[in-house]
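Below: one structure, written as structure tokens.
Here the chain labels run A, B, C, D, E and F in written order, and each chain numbers its own residues starting at 1.
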Amino acid sequence: MTTGLFLGRFQPVHSGHILSIKGILEEVDDLIIVVGSALKSFSLQNPFTAGERIHMIRLALSEAGVPPERVMVLAVPDTLPPNYHGIYVSQVETYCPGFDLVYTHNPLVRSLFEQAGYDLGDHRVFDRERFWGTTIRDGMINGGSWRDCVPSSVAEYIDEIEGVRRLKQLSGTDEPGQ
Amino acid sequence: MTTGLFLGRFQPVHSGHILSIKGILEEVDDLIIVVGSALKSFSLQNPFTAGERIHMIRLALSEAGVPPERVMVLAVPDTLPPNYHGIYVSQVETYCPGFDLVYTHNPLVRSLFEQAGYDLGDHRVFDRERFWGTTIRDGMINGGSWRDCVPSSVAEYIDEIEGVRRLKQLSGTDEPGQ
Amino acid sequence: MTTGLFLGRFQPVHSGHILSIKGILEEVDDLIIVVGSALKSFSLQNPFTAGERIHMIRLALSEAGVPPERVMVLAVPDTLPPNYHGIYVSQVETYCPGFDLVYTHNPLVRSLFEQAGYDLGDHRVFDRERFWGTTIRDGMINGGSWRDCVPSSVAEYIDEIEGVRRLKQLSGTDEPGQ
Amino acid sequence: MTTGLFLGRFQPVHSGHILSIKGILEEVDDLIIVVGSALKSFSLQNPFTAGERIHMIRLALSEAGVPPERVMVLAVPDTLPPNYHGIYVSQVETYCPGFDLVYTHNPLVRSLFEQAGYDLGDHRVFDRERFWGTTIRDGMINGGSWRDCVPSSVAEYIDEIEGVRRLKQLSGTDEPGQ
Amino acid sequence: MTTGLFLGRFQPVHSGHILSIKGILEEVDDLIIVVGSALKSFSLQNPFTAGERIHMIRLALSEAGVPPERVMVLAVPDTLPPNYHGIYVSQVETYCPGFDLVYTHNPLVRSLFEQAGYDLGDHRVFDRERFWGTTIRDGMINGGSWRDCVPSSVAEYIDEIEGVRRLKQLSGTDEPGQ
Amino acid sequence: MTTGLFLGRFQPVHSGHILSIKGILEEVDDLIIVVGSALKSFSLQNPFTAGERIHMIRLALSEAGVPPERVMVLAVPDTLPPNYHGIYVSQVETYCPGFDLVYTHNPLVRSLFEQAGYDLGDHRVFDRERFWGTTIRDGMINGGSWRDCVPSSVAEYIDEIEGVRRLKQLSGTDEPGQ
């Protein structure tokens, strides 16, 4: 049995993530989805808490019909002190059940897991330009079309927690005359 | 819809935990199981890593036939610095999706969530004397009968990761003549 | 009785701060002044220690004739890890006696306290262009006119601790030929 | 002008503290009162938050008629990691305005400040047996006579925040049949 | 070429340590000596700073005629948070050049390095009863005969830094009538 | 006897460092070389671990014929939280045996040690443009001529640990078509 580990920040969860997860599930039996940078929230780069991101992933997986028993969602903070990269793999190992293949877009994380002797899974990145966290967060702040880049259950949840208002507040663009 | 939060250390998962979880699931719709003290491991009080404990819980829930879509397992570290209790509720909130009712045996944690305005769920403690982490860990070290206090899938997993040997090593009792 | 909380970095204390404090004291009975980012010092953005900033505030309040029994000055560090914004309100609450109204210029801090259910006090910003930390620190480094933007007791104290020399050292501009 | 520094945990503030402070104020011009172990709270040894302890000190000083302009109350956390004693003096220095004489009962703290070259003030300990934090906290839990060992304004405040109930909860003695 | 790693707390360096090091140097080419718990000092269990312990080791090695090019002395702090044992091996790896064989008396550390796949070197413990940190520190406090258990250069250095007085201060035994 | 302290990041060790060390050794009896920012690694600014940098220094000193008994190499992390500059000198003091003269290029570190009352040693910077970490790391990534700026034993070690590949991975320049 093969267990994969898929590591991202999910700020927010978008349709590219779900396509990736579905693709990975064709190659592995079980998948651990790691919500990285778990303690970061309420910033322009990382607006949502770990709890909110976990909730988004569960909504999106359910909407996509992914069987819940094949997937586990866990949150892992960055190392302390920040950027103590030399212990990062070890930290992920303490937080997660065992895994065999590591999937991630992040070149640093790829480098660290490779250095530690892990096999890196190959997964296609789907329509990166459209499904990209930075673009989506920019769309939220500037009134762009982010809504069709995320699963509809995620869009509804972002409305429910007033995610767009939060991002605008953090960017200062909600205040008249500032 | 009501979401419960059940907080424990699960060192290791035992049958009392599973009875509690089944009881709680009769009162709430969804349940977040929090593996507390997530960073503690390889000590006599806390022998297993968060990842190992999460794996045990999933094995036990599956053995008990609990529907996976109703339960979510998350790991939350202690505060930093240790015993900075005043921020603990806030820390749990950042790690977890929203919840309504808090279940825990720990008097400190009860006190903290109550102070923060949460409702505390009432749940029976099942056969505390028998299903108690301390007793079970002692049994592992001293050759007592721990095996019938945990779900059989958990016992097998503890064998697989050589958990008893680990505890004996940590207690120094595996070394001849020390 | 109403207690206000005014949160700033005070790098250094300037006349705009004192005008704000006097304005807030017309609206609240007691005021807690929080020196934020308490552990930051000896950098271009944050040259002064918490202790030095507390001393500046006390000098300035005394110079302005503010009654000492109505004001309390406390230092609160940033969260650990840095930018763990989700626990910041909770951290401020553990450091400070209870408060009702929060005053701050910082959009992130406003957002966090609002999210936690606090009322935000409305206070005018006085001559922001002139009374602005960044401008004042630049003036110190480049020989600009910072001295008339801060209370005279603060200017004297900055002289006493050789604050201008410190900033020049940190910026490298005090070293010939570097 | 001489500034003293008086360092304690104030769990809770008691009449011995106030006698010490009044005695010290006969020897120094200004006094910085440091609430140590600022992040500890909600434990049997450290039940009250820094904010609550600061409030108690201000109430007690006001009740005792100590002039507010001669005293400053600040909170300082323990070092990180805990027990990194080698940097403690330096940490206190960053949190506080300059000081000349250090007053404390704690032998470790005395040793550290002496090692760093500070003069230690001599102050009498008043009726240690009666005015002692441990005795007072025990009295709160076990129904002993703590109330006459603290200033009456402090006793009222402890009632207001239900401090006795908190201590009993933490000790588990409030729960029937546990 | 084989590199050994010898891990201890060295509170203080004693003759048993030096016998161990000489024994290990018969089995390996190079030796890294790790001063563990580097940040602990000024406590009864850990009176000396990392810098002081490094100095003691260098004095003792020189006194014993160990060639300096075969030995390297490094200080490694405990993990943060304390007892985050799951990352300890990884932390030691980031602090030290590569090593092949691990020597230590500590059962936890043995367990962690074994779990990580390292070979544990076998080394005799020399006269444990006599050459034991706890006994030596007790001797310092209570006027016992510690001096003949440590190399004479180490004894002189402990005198120079007034180590015995420090321990007595920390234990409170230097104060008349306390 | 005079002990110097030379503080740098050594990312990587280059020939300018060795020229500096030889120059300093003409002025002091003993030298402590501090590898600063010890926990930083696997980033574009800080590619190498403390252990790797310590190894490089020892190789280079041996190649240059520096007597090992006059030099000690130690690793010191940045403060926690990052940029808590007010305790940095104190932290270095706990990690290192006593020292008299401080040598460093870093203006912040110079400012901090001067503030703490240390004498700063004067040492020439050798051919800064050529022997400069930033230039050397850029050369590694972009195929520039870094190899003649570092001692040949260091160049060989960097080859052995595939340092150039690591930097290219971290910069993303090793991936076709990214």
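Keep this in mind: a contact is a pair of C-beta atoms (placed from the backbone, for glycine too) under 8 Å apart; a residue touches a chain by one contact, two chains touch by 3 or more.
Just so it is clear, the model here is predicted, and its values are computed rather than measured.
J.: Moving step by step between touching chains, how few steps can get you from chain B to chain E?
T.: 1
J.: I need the pair from A-B, D-E or D-F whose contacts repeat those of B-E. Over half of the residue-number contact pairs should coincide.
T.: When the contact pairs of B-E are compared with those in A-B, D-E or D-F, D-E matches.
J.: In angstrom, rounded to a whole number, how far apart do the mean CA points of chain E and chain F lie?
T.: Inter-chain centre distance comes to 26 Å.
J.: Roughly how many whole angstrom separate the Cα centroids of chain B and chain C?
T.: Going by mean C-alpha positions, chain B sits 44 Å from chain C.
J.: Hunt down the residues of chain B that sit against at least two other chains at once, touch-wise.
T.: If we look for residues of chain B contacting two or more partner chains, we find 39, 41, 49, 77, 80-82, 84, 86, 93-94.
J.: Chain adjacency by touch: line, ring, star, complete or other shape?
T.: Graph shape, chains as nodes and touching pairs as edges: none of the named types, so other.
J.: All pairs of touching chains, please: list them by chain label.
T.: Once each pair is checked, the touching ones are A-B, A-C, A-E, A-F, B-C, B-D, B-E, C-D, C-F, D-E, D-F, E-F.
J.: Give the list of chain C residues in touch with chain B in this complex.
T.: 80-81, 84, 86-87, 89-91, 93-94
J.: Going by the contact rule set out above, which residues of chain A touch chain F in the complex?
T.: By the definition above, chain A touches chain F via 80-86, 107-108, 110-112, 115.
J.: Quick check on the complex: what are the chain B residues that touch chain E?
T.: 39-43, 49, 77-78, 80-82, 166, 169-172, 175, 178
J.: Where on chain E does chain F make contact in their complex?
T.: Those residues of chain E that touch chain F are 38-39, 41, 49-52, 54-55, 58, 62, 68-69, 72-75, 77, 80, 93-98.
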